[in-house]
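See the structures that follow.
Okay, so chain A shows up in both of these, paired with chain B first and chain C after.
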Partner chain A sequence: MAKIETTFLDFTYLDLLAEGETAVHRLDPRAKVLATAVFIVVVVSFGRYAVAPLVPFFLFPAVVVARGNLPAGFLARKLLFVLPFVLLVGILNPLFDRETALTLGPLAISGGWVSFFSIVLRSILTVGSALVLIATTGFTGICLALERLGVPQPFVVQLLFLYRYIFVLTEEAVRTVRARELRSCGRRGKGVGAFAPLVGTLLLRTWDRAERIHLAMLCRGFRGEFHVRRAYRFGTAETLFTLGWVGVFILFRLVNVSAILGGWITEMLQ
Partner chain B sequence: MSHHIVEVKELRHTYPDGTAALNGVSFRIRHGEAVAVIGANGAGKSTLLLHLNGYLAPTSGEVRIGDFPLTRETLPEVRRTVGMVFQDPDDQLFMPTVFDDVAFGPLNLGLPPEEVESRVLDSLARVGAEHLTEKPPYRLSGGEKKRVAIATVLAMSPDILVMDEPTTGLDPFARRRLIGLLKEFRHTRIFTSHDLDMVLELCERVIVLREGVVVADGPAREIFRNEELLAACRLEKPLSMQGCPVCGNVTRQPEDIIRNRKGAVDE
Partner chain C sequence: MHMADALLSPAVGGAMWGAAAGAIAYCSRKVRSDLDNRRVPLMGVLGAFVFAAQMINFSIPGTGSSGHLGGGLLLTILLGPHAAFLVIASVLVVQALFFADGGLLALGCNIFNLGFFPAFVAYPLIYRRLVVGRSGGGREVAVTIAAAVAGLLLGALGVVLETVGSGVSALPLSTFVLMMLPIHLAIGVVEGVVTAAVVSFVRKARPEIVESVRETRPLAPFPMRPVLALFFVAALLVGGLLSRFASGNPDGLEWSIARVTGKGELTAPTGGLHGAVSSLQGKLALFPDYRFKQPPAGPKPGDARSGEAERGSGTSVAGMVGGVLTLLTALLIGFVLKRRNTSG
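For the complex of A and B:
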């Protein structure tokens, strides 16, 4: 269970990173959310065998990490958490799709492997950019940006509450699981069966807490509207950031930069 | 000012599962009084507090806050007047940052932004938490959370402060600071607590509940001297009124000394 605890500590660390004081951090959250959203849509829009055209897209997270002074090693380790799921999704491709798609000298590579690598690349790009977004903007900033961009308030408030109480809930869950573990004396205890009432207890406790929070909100004059004070400014820097990156993404989408670069290099070598 | 009065008349509350938590509780708390509601676990303290801001509706009886009875119409006004600090500050701090949290109430009151800001900074300063303004609540320590929770209530400028177990879970230093803070308030204050030493320090008056009934209501010192009553209610004398654990000497409280002198003169 130590795993879950450390994962959540890391989560807090990600949030701490968002308090940085670089030009990227200071940008209005909306600019970063918009750019990242377009980035993800463009990356996902490629065909299933695209590998080379995806490579230039690493420019965006790389530049933001560099300008935002983010620890690249830490983010890369976070990415590793997602990788098992990605491998699970993609691993069947090489088995089903055995047609040779390209040959590297004597090596014949099947379409399955190509699409597998494409999936891995895309996941790294999309998850990576989302992590970078959180590390430069903070979860709260993202939620508030979503609201300013027109997402209905109830959804945004749900997200904010989720983020606020996920820490409290995991702490409760970790305590309960620890109590179970200590009393099962290193063995399996009563096995999986013991987890059902455990989850039930957790649900009931959450229910109680929700009621108390609602009471706390009512006590302070809550009437269904959620006010958050924030100074927003979508200025030149934000416009440049958003339009600039969106332009770059569209360029990368339409023109295969890797192929052109490759062509130049082969030309120069000849 | 008469409108800071809390009056409870023959209050009864029975939970839907049939548990009778309050069986006819009556008292009247005047403006500026500091009153502790004490009693064993399950004596009905929390249920009583939840009536004071209209979260629970009485099964029978009446609650009056200020000059009006607590009804559906007066509820918003009553909730502004009665500031409630919960036992678990995690229930009370639900916004992304401390500032947002303290601003939540004033913004709901519809105050202009500058007024909100000054109120927030002012109430955070009063509890000594100015440096926490931009922090998210989940990164605060227990004592910090408690102080911010009090600030969220102060920002509503309530006339009556109600606190459920204010000192539980605090380290001695944080507890001491909190007691100092609460001493300064001129509000009408109502606490529940098992920390009887805190009660002795903060409250002139104590209401003892047992099985949903008021069994004693009077000056704190007098009630804490009544050992029979305390034992019957699963309570005990505050440590500061007990003998020294090493030599067994009882420190004399100033008023005891005065009384003894009087006695001597009378004789």
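For the complex of A and C:
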């Protein structure tokens, strides 16, 4: 119960973050979508045992979080919440892959553990960049970017519609769950028998709502597309942002920055 | 069931993105030409309904655990395959962005696994074929369960193939299949029961909703051509990309050859198949060997891409030191920028 409401609150909070007024927020959504897409592809393009070469990629989310004035603690908490699912699959790697991949003094580390850490890093980076994207761009912005990038219009309209009514319907569901909670002692009334009418009623109400919405839309001259107030332009700032970051990602992909830096340090210490 | 980016390779992720994008384009065209625009708000609101319905849990008798509705099959029954596919895809986009349920690169895989199989395989081939007229009752429940199970099992199989094909997880194919299929069989049964219960409730209260959907859909036999074409393209893409991986990996090929010659009966069925398929099998067959392989004296039988593993321990230590330092630097840059941001 409490979990449902925090999930919902997190959702609204992420939505609110996109209302920020920083330079990152003001960028054309296309620039951010493209940069994030390249980022994710480059990060997952590393081999199974890559750990050190992945680390420099933290620069991108770190800079965007800072410039976009996002709450780093909140995003970190969201990440922690997601990690267990990936760890569940990743933790099996050490069981199946026992070749010794590297030795640290007396300690032999198997390939499985190396790839496990690689998976952890990958998931932090990919999930983190997706969260940063939504927190600086907002869902509407992303949808507009998708439409300009060639996604079919019916699908974009579907996304925008879905998003608009998630808040309304989830609030209704939270109320329903709370009402059931108050009337059911222990686990009574939580079986499939009571679930079907509960969800069925919600479905019927949803259906009626859709008809009302349709009538209201017809009254306002709906012709199958959405209009938005905010006009975006792919200008110099956007070009610089996209090309700059893509360049950085390619550089990090080709050059193992961590190894070079580490090489310098260990040489200096000797 | 939602796949994450961390376990995917760009080749598999990209191929599945292509397949999903093709399916979305096809369905969008179909929806635009077929449906009156009364359905536009209905699709959107039903997508939001899936989110809402997933917040309502029910307890599963006998297990003490609780579940929630998946909604793929329910949407398909209410909207028909094309519109339902778009709705499921849109739900997955929102889940990926806001709930980090599945990654952005994995979105293609997830749309395919969770949308394509229920909407274009389970619904037309099982549900539509076997639910005849206004049946209701036991037959309909059984068919709904069968459709839900089929959709989920195919989806789970998709997850397994995409993960193993990506080669980030070291799980052998057989183990992964044994892990995924029983769980999804159980989930499918629950999903089928719940879907049938909701559909029958809706039919009792407002019969015209379920019936009208069924009647407005074109009653012509379901066009299998686009489905097969899509499968073919996806198979080609995945197979081609995987075989490129496998052929760039002499260790893997050597292993698979040794394995195949060691078990003579395996060569007969695989011998005549397409090259892409056999190299896919070679790629898959190399995973079980991880367990039994003794540490050899020669070069390590790790992946050809494992630059890290091939090097001596000296560079590894340097890599770790450098990695920690780089991480600190990246975070420090962020921190400094943040300070400037808030003060300025």
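Criterion: the second predicted complex is superposed on the first by the 255 of 270 C-alpha atoms of A that agree within 3 Å, B and C clash if a C-alpha of one lies under 4 Å from a C-alpha of the other, contacts with A are read in each partner's own complex, and residues count from 1 in each chain.
The working rule: contacts are C-beta pairs under 8 Å (C-beta built on N, C-alpha and C of every residue); 3 or more make two chains touch, one makes a residue touch a chain.
The model shown is predicted, which means the values in this text are computed figures rather than measured ones.
Q: In this superposed model, does chain C or chain B come into contact with more residues of chain A?
A: C
Q: Considering only touches as defined above, state whether A:Leu149 meets chain B (first), chain C (second), both or neither.
A: neither
Q: For A:Val168 in the superposed arrangement: first (chain B), second (chain C), both or neither?
A: The answer is both, since A:Val168 touches chain B and chain C.
Q: Regarding the shared-chain residue A:Leu240, is it in contact with chain B (first), chain C (second), both, or neither?
A: In the superposition, A:Leu240 touches no partner, neither chain B nor chain C.
Q: Going by the contact rule set out at the top, does A:Thr140 touch chain B (first), chain C (second), both, or neither?
A: A:Thr140 contacts chain B only, not chain C.
Q: Which partner does A:Gly221 contact after superposing on A: first (chain B), second (chain C), both, neither?
A: Once the two structures are laid over each other on A, A:Gly221 reaches chain B alone.
Q: Which of the two partners, first being chain B and second being chain C, lies in contact with A:Thr206: first, second, both, or neither?
A: second
Q: After lining up the shared chain so the two structures overlap, which partner does A:Leu182 touch, if you call chain B first and chain C second: first, second, both or neither?
A: neither
Q: Take the contacts of chain A with chain B and those with chain C, and give the residues found in both.
A: On chain A, the overlap between the chain B and chain C contacts is residues 15, 160-161, 163-165, 168, 209, 213, 217, 222.
Q: Which chain A residues qualify as touching chain B in the complex?
A: Against chain B, the touching part of chain A is residues 12, 15, 140, 143, 160-161, 163-165, 167-168, 209, 212-213, 215-223, 225, 227-229.
Q: Note which residues of chain B are touching chain A in the complex, please.
A: Chain B reaches chain A through residues 50, 53, 55, 76, 79-80, 82-84, 86, 88, 90-92, 94-97, 99-100, 103-105, 107-109, 113, 116-117, 136-139, 152-153, 156.
Q: Any idea which chain C residues touch chain A in the complex?
A: 2, 4-10, 13-14, 24-25, 27-29, 31-32, 37-38, 40-49, 51-53, 55-59, 61, 66, 69, 86-87, 89-91, 93-94, 96-101, 103-105, 163, 167-172, 175, 193-194, 197-198, 200-202, 205-206, 209, 287, 290-291, 293, 295, 300-303, 305-309, 311, 313, 315-327, 329-331, 333-338, 341-342
Q: Given the complex with chain C, which residues does chain A contribute to the contact?
A: Touching chain C: residues 4, 7-8, 11, 14-15, 22, 36-37, 40-41, 43-45, 47-52, 55-56, 58-59, 61-63, 65-67, 69, 72, 78-79, 81-82, 85-86, 89-90, 92-93, 96-104, 111-112, 114-115, 118-120, 122-123, 126-127, 130-131, 133-134, 139, 142, 151-155, 157-166, 168-170, 172-174, 176-177, 180, 187, 190-192, 194-200, 202-204, 206-207, 209-211, 213-214, 217, 222, 224, 256-263, 265-266 of chain A.
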